[in-house]
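Scrolling down, you'll hit the structures one after another.
Look at the two complexes coming up: subunit A is in both, with subunit B in one and subunit C in the other.
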Partner chain A sequence: MAVPGVGCSDFPQRGDSALIAFTLRRLLALIPTLLVITAITFFMGFAAPGDPISTVLGERASTAQVAALKAQYGLDKPPLVQYFKFLGGALHGDFGRSYFYAGRPVIEMVGTGFGTSLKIGGVAALYAALFGMILGIIAAVNRNRWPDHLAMFFAVVGVSIPGFVLAIALMYLFGVHLKVLPTVGWGEPKHYILPVLVLGTRSAAFIARITRSAMLDVIGQDYVRTARAKGLSQRVVILKHAVKNALIPVITVLGTTMGSLITGTYIIETIFGIPGVGRISLDGIFQRDYQVIQVSTMLIATVFVLVNLVVDMMYGVVDPRIRYS
Partner chain B sequence: MKKFRFVLVALMVLSMVLAACSSKKADTPAPVAAGPVEPTATFHYYLTDKPTTFDPAMASDVSTMQVIQNVYSGLVMNNSKGEVVNDMAAKVDISPDGKVYTFTLKDATFSDGSKVTAKDYVRSIVRAMNPALASPVADSYLDDIAGIHAFLGKRDALDKQKSDKKITDDDYSKQLAAAYADMVKAPGVEAKDDKTVVITLADAAAYFLAKMTYPTAYVVHASAPADKPIVASPENVKVAIGTGPFTLDSYVEGSKVVLKRNAKFYGDKALVAIVEESVISQDAAQLAAYQGGQIDMSPLPPTDYPRIKGDAALSKEILEYASARVNYFALNQFVFEPAKDVRVRQAFAMAIDKDKLNQVVYNGTQFPANGVLPPSIPGSLGTNVQALKFDAAKAKDLLKQAGYGEGGKPLTLKLTYRAKNETIQRWAEFLQNQFKTNLGVTVELDPMEWSKLLEASSKKNVLQSFLLGWSADYIDPQDFLTILLHGGAPYNRYGYANKDFDAILDKADKMAPGAARFAEYSKAEQLAVTEAGFIPTHFGKSLFLVKPYIKGLEYGAMGILPLNHLSVNK
Partner chain C sequence: MSAGSAPVPAAAVVREPQSVNLWVAAWRRLMKKPTAVIALVYIIILVLVALFASKLAPFAYELQNYDVVRANPGTPGHLLGTDLLGRDVLSRMIYGTQVSVSVAGVVLLVETTVGITLGSLAGYYGGWIDMVIMRLTDIMFAFPDLLLAILIMGIRGPGIGNLFFAMSVVAWPGLARLVRGQVLALKESEFVQAARSLGTSDSRIILRHLIPNVMSPVLVSATQGLAGVILAEASLSFLGIGVRPPFPSWGSMINNMMEMVYSQPILLIGPSVILATTVLAFNFLGDGLRDALDPRLKH
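Our next item is the complex of A and B:
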C-alpha cells in the first residue's frame, strides 16, 4: 500500500476494502429504512381525514359514486391488506397508479418530477457551493475590510429573505420590467436562471459564512504561517493550503442543503411552474393520492441516504485521516 | 497528488449534479407549413393545473377540459350563450315520448384521417362506462341511457352487497364484469348505419342533450385502449386522437401543452396555427407572465382587482364573465333541528347583507345571489326573483316567532367550511358576524380539511351547517334544482323537502325542451328561494386580463374557452 501523501495513485487503494464495506453497509441499511418509511407514510396517509376518491369527485361526490370507485381501486379493503398489496407490487417494480391523475403510473410521474428537480437542484447546489465558497474566501482573506463587509452583507440578506419573496421580486424585475427572462416554463437553459438564483442564494449565503469562519480558523494555524514563512505567494497559500482544510465544515453544510435542493421545493416549483418532485409530492398529499405520497417519500428518503453517503465519502477524500471503520 | 484529490472532490460535486447541464431542448412546435390561407399565429394561453388525463371519458376538472374540449368533440355542444347546438351531429330527432334520440352525423374524420362512423360513438360511450377505466364522471353524464341505467342499478346493488360483506371480492368482480358484458350487448346506443346513432333513454329526460355536450360522450379513436384510460403523459400525445379543432402536438409534463390546428376539422377551423398552454398555478406568477408578455390571457385574482381597475392601461384589458356557479350557506335540517322551521331558515337568509359580503370579502368581484340558478342558466329568474331581501329587523322577528333568539331559546350554530383558504375563511367570518349582529346567534367556526369536508357533507348527518358551492355540470336548470334540492336527490345534503317543489321538477325534467319547460324551473326556483331551502350567497364571476390584440374571444358557459374562434392580430 502506498504511503499517504505520496503519488497520485494512493487514494483508490488506500482503505479500499474498508470503504467498500462501509458503502455496502450503508446501502444495506437503506432496506430497513425504506420499509419503516413506507409503513409510516402509508398508515399516516390513512389516518389523515378524507380520501382520494372524495378529492377526485369534489363537490359532486355522492356516497354511491364514492363506494363504486373505492371498490374499483381496492380502497375498500383494510389498510393492512392494501399495504402488503403495495409492497408486493413495489417488489415487482409496480408502484401503482395515481388516483388523481386517472391511472397514470406513479413511478413515471414521480420519476419525471425527480429528474426535473435533480437538474434544477443540482445547478442550484453548484451555484451555491461555488459562489458561496468564493465569497467566503474573499471575505476571510480581506477580513474587516470592505470586501468582507460587502460579502457578509450579502450573506445576511441572502439568509434572511424568504424564497418566495425573492422569487416574486426577481420575477417582476427580469420578467415584467426588463422582459429579459421567462418567469414560467420548463425545458430550455433560460428557464433555469431565476429558479436557480432563488433556490441557491440562501445556501450560497450560508456557505459563504461557514467558509469565512473556517478559513479564518485555518489561516491562523501554524502550518499556514509556515507556508508563508517558506516564502510562498498569498495565492498559493490560500488556494493550496488553506482552502482545502477549510472544506470539511463546508461539505457538511453542502450535504444537508444538497438533499433538500435536489428533492425539490414546493413553493419555488409552484411559483416558476417547474414540474418537479417537490410539487408532485405535496400535491399528492393534498389530493390524498396515496401511491404518489408513498413513492415520492421513498425516493426522497433514498436520495437523502445517498447524499449523506457521498458526503461521508468526501470527508475521506478531503481529509485522509478520516477512516471508514 | 493533492491536485488530483482536489480534482476528485470537484468531480464528486459535479457527479452529484450530473444531469444539470443536459437539459433537453424544449419541444418547440414545428412551424406550420405556410400555405396561402393557413394561419401562422400562436396563442399563448395558460392552464391553472396540469391536465389530469388525455382521456375524454375521464375528464372532470377545468384545466383538463380546456385541453380535451379542443382536441376531441362530440355530437352536440354548448354555444357561447349556453344553448345546446349541433356539433358533429348534422341533425337530431327526438321521438314524441322523449325517449329516443336519433343523431345523423356530418362527414367527419379523426385527426389521423380515418372516417368517423356511428360505430365509433357506440364504442366510445360503452368504453366510458367500463369499470376498469374507473371514470369519476361517466355515470353522472351517461346514466339516462337505457342499458347504462340498468347496468348502474346492478352495480350499485353489488356495491351494497360488498360493503355489507354479503359477497366475496372475487364474486363481486365476476358479477360486475358480467353486468358490464350484458350492458355492452345492449347499451341503448346503437349504430343504425354508418351515419346514424340512435340512443334510447330509460325515461324521458329533457336535459339529456345538455349532458351529451360533456366529454364523456365524445368520440374516441378505435386505437384507444378499451380498458385503460389515456393518461396525461408526453408519449400519449400521439394516442390521444380526436376530432376537435386542434390536435395534441406535445406535452412537457406538468409544464406545457402545445396544440396544433387540425386542418381536417369538420367545423370552424382554427384561426391560429398553434396554441401553447403553460401550466401556471400561482396567482402572482400568472399575472407576471401576462405582464411580461409570455401569455396573452390570464386570470385576474380578486385581490388584485382594485389595483388593476385603477391602472389606466391594464383596466382596459379586463374581461368579466359570469360563471355558472352558485356558492351557498346550507342549514342542515338532518342535524340542526331548528332549521326544519321555515321561519328559522328565512331568518338566516334575511340576516345576510349579500351586497356587503360581495364588497368586503370579494372586492366586488362576484354577483350577490338572490336566486338559486346562476344568471347564465336558462330558466334563471335573475333579477325577477322575489328575494328574501336583507332585513335585519324582520329576520330577528321571524326567529322570535319561531321561538328562538331574544325572549326564546338561545341559538348556537356550528359552521363548517373549507380550511386553509383565506377567502373562504373571510366568507365564514363575515357570516358569523352577520348572524351575531343581526340575529343574536352565536356561530362557532369550524374550518375543515377539504377532502374531509366533502366526505362529511355527503354523509348528510354530520354537519349542522356548511359552506359549499356548485358549478354546472351541464347548462340546464335541472343540474341545480333537481340535483341539489329535490327531496330524493343524492346531493340534497341539507334535507330540504317539499312535495310541491318535487312535483314541479318531476314534471319539468321530462317535458320537451323549450321555454315552457324553463318556466317550470323558474317556478321551482322561486319556491326554493321563498322557503330558503338552501341559502345562496353569491354567484361566480370569472375575471381575466386579455391582451388587446386577441380578437373573437367567446367564453363557453362552462368556463372553457373554445380556441377555434379567436385570432391573434398583432
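Our next item is the complex of A and C:
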C-alpha cells in the first residue's frame, strides 16, 4: 500500500532479487500446504454419516442402482485411490462432478460464485483498511478528546456486534425504514453497499484499534518530535512521518482479520441472497453434495494462504528494514 | 496503573500479609475495573440462567401455540413475544443460554488442556516433537477462521456434540503456539536451570515450574477468545449448521425470525441484544483480565 507523498523508491532496487527469491520459496512451500488442505477436506468426506449416493437416489433405490452410480463417480475405489484420482483431475482443472445436480462439473458451480465472493471480499477489505486506519489516526491525533472517544466507542461496538445483528439493523434502517437501499438481490453496484458494510465493519473496528495504538507509539518517538521541532505542519508530520511507520501492525491485523472476512461471506451471502461461494457451499451442505463442499473449502483455503503470502510481502514494501530470508 | 505495589483499599489494611499472591493481586486489580466487574456479574448471571433454564423459562422451548403466532413483545404471558410457530421468545432465549454457556465452557476446557499440553511439550522438548506439533498448528492456521468448523459441521451434521468437537478443533492451535513461545523463553531461565541441576524430573519441571508461569497469558488469551467462540456458535447456528432444531440457539432464533425484519423487527431485538451483550461482556472481561494480570501492558 503506497502512502501518498512518501518516497519508498529505494526499496525495489535493494530488495528486488531477495523479494523474488522469497516469493518463489513461499510459493514452493505452498505445495505441501495445499496437499494437506486437500487431503483433510477430501478425507473428511469419508467420516460423513450415511453415504451421499444413497441420499441422492433416495431410500427406494435398489442396491444395484446405488452400486452403478457409485462406480460412475469412482466411489467404489479405495479412498486413497479416489484421492489421487481427484488430485490428478484437479491438476487439469477437473474437480469432479456434483452428486446432486446430476454430474454437473463442480468447478463450474463453485467458480461462478467464487468471483462474486472475491469482489465483495475485496471491496470489504478495502473499506475495512481505509475506514479503520482513518478512524485510528483521527483517534490517535485527538487522544483523549471526543473524536478519540467516539472512534473507540465505534471500535468496541464494531468488534462486539455479530455480523448478522448488524445486518438486521442496517437492513431495517436503510431497507425497511428509509427505503434507500435494496435488502436482497445481486447485480447492481447498490447491492454491494449493505453486504460490504456488514462484512467489513468488524475488521475496520480491529484495524482502528490497532492503528490508534501504533500511531500513539510512533507519535511519542524522537524523530516525530524532531519533525515537529523543525517546523513541519501537523499534516506533514502525521501523513509523512507517523502513518508509514505505524503501518506494520496494521498490516499484521489485516492479515489476521482476512480469515473472519472470508467466513463472514457465508453469513452475508445467506442474509442478502448473494450467489457467492459461501452460499453455494452451504447449499452443498444441505444437499449432502460433498464434492461441492470439499472443492469450495479447498479453494477458499487456497485464497487465504495466497492472501497471507501477499501480506508477508507487503511488510517489506512498507518497511525496507525488513529482510526476507 | 503501576506494577508491583498494588494500592490496597483502606478498609482492607487490617492484617496485610507481607507478600501478595499474584492471583490475589490480579483479582484486586480486576475488581477495580467497573467494566470488568459488570461483565463478570453478567456472565455469572448467564451461567445461572443456563443452569436453571427449565425452572426459569415460562414455557417449554419447543411448545407451539398457534393461538398466539408472532405476538408482539408485551403480550400477556409472552414478555418478548412469540415467533412464527407461536413459540415463546423469552423461553427460547433462556434455553439458548445453555448452548452458548456450554459451548464456551467445553471449548475453554478442551483448548486450554490440549493447548497447554501440546504447547509445553513442543516448547520444552523441541526437536521432532516440536516439529510435528508446530506443523500441525500450521495446517490448522491454513484454514481461515471458522472454515474448518463449517466443514466439520457441514459433513457431520448439526448437534451440540458436533458443535463441541468442531469448535474445539478450531480453537486449540492459537493457545498451543502461545504456550510454546512462553515455555521456550522460560526454560532457559535461572529458576528452571536451578530445578534441573537439583535433579528435578522433566515432568515435574513442566508441571510445577513452567505451566504455573504460563497460566496468566493463557487465561487472558482464552477469555478473550471466548467472545469469538460465542459468536462462532451463533454464526454456525444462524447458518443452520449449529444446534439441532427445535433446540434454540440465539443464532438460530435470529435466523428463524429473519424475515420479520420487514414486518415485526421488534421480535428480533431480544436474541440480537443478548448475543451482542454477551460477546461484549466476554470482550470486557478479557480486556480486564489482561490489564489485571499484566500491568506492564498499556492499551
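Criterion: the second predicted complex is superposed on the first by the 288 of 325 C-alpha atoms of A that agree within 3 Å, B and C clash if a C-alpha of one lies under 4 Å from a C-alpha of the other, contacts with A are read in each partner's own complex, and residues count from 1 in each chain.
By our rule, a residue touches a chain if its C-beta (ideal position, glycine included) is under 8 Å from a C-beta of that chain, and two chains touch if they have at least 3 such contacts.
Please read these numbers as outputs of a predicted model, since none were measured by experiment.
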{"item": "Subunit B versus subunit C as contact partner of A:I271, first or second or both or neither", "value": "both"}
{"item": "Which of subunit B and subunit C A:I31 touches, first, second, both or neither", "value": "neither"}
{"item": "Which superposed partner A:I168 touches (first subunit B, second subunit C, both, neither)", "value": "both"}
{"item": "Contacts of A:L282 with subunit B and subunit C, given as first, second, both or neither", "value": "second"}
{"item": "Touching partner for A:F304 - first (subunit B), second (subunit C), both, neither", "value": "second"}
{"item": "Partner contacting more residues of subunit A (subunit B vs subunit C)", "value": "B"}
{"item": "First (subunit B), second (subunit C), both or neither touched by A:L91", "value": "neither"}
{"item": "First, second, both or neither for A:A229, with subunit B first and subunit C second", "value": "neither"}
{"item": "First, second, both or neither for A:M258, with subunit B first and subunit C second", "value": "both"}
{"item": "Set intersection of subunit A contacts, subunit C complex versus subunit B complex", "value": "48-49, 168, 171-172, 175-176, 183, 258, 262, 270-271, 286"}
{"item": "Contact set on subunit B toward subunit A in their complex", "value": "1-2, 4-6, 8-9, 12-14, 16-27, 50, 52-53, 55, 58, 60, 131-134, 136, 139-140, 155-156, 159-160, 162-163, 169, 172, 228-229, 231-233, 252-256, 278-282, 284-285, 288-289, 291-295, 448-452, 454-455, 458-459, 468-471, 473, 490-491"}
{"item": "In the complex, subunit C residues that touch subunit A", "value": "138-139, 142-148, 150-157, 227, 231, 234-235, 238-241, 251, 254-255, 258, 261-262, 265, 268, 272, 275-276, 279-280, 283, 299"}
{"item": "Interfacial residue positions of subunit A with respect to subunit B in the complex", "value": "5-8, 10-11, 48-69, 71-73, 76-77, 100-105, 108-109, 112-113, 115-116, 118-119, 121-123, 125-126, 129, 168, 171-172, 175-176, 179, 182-189, 191-192, 240, 244, 247, 254, 258, 262, 270-275, 279-280, 286, 288, 307, 310, 313-314, 317-318"}
{"item": "Partner subunit C, residues of subunit A touching it in the complex", "value": "33, 36-37, 40-41, 44-45, 47-49, 156, 159-165, 168-169, 171-172, 175-176, 183, 213, 258-260, 262-263, 266-267, 270-271, 281-282, 284-286, 290, 293, 297, 300-301, 304-305"}
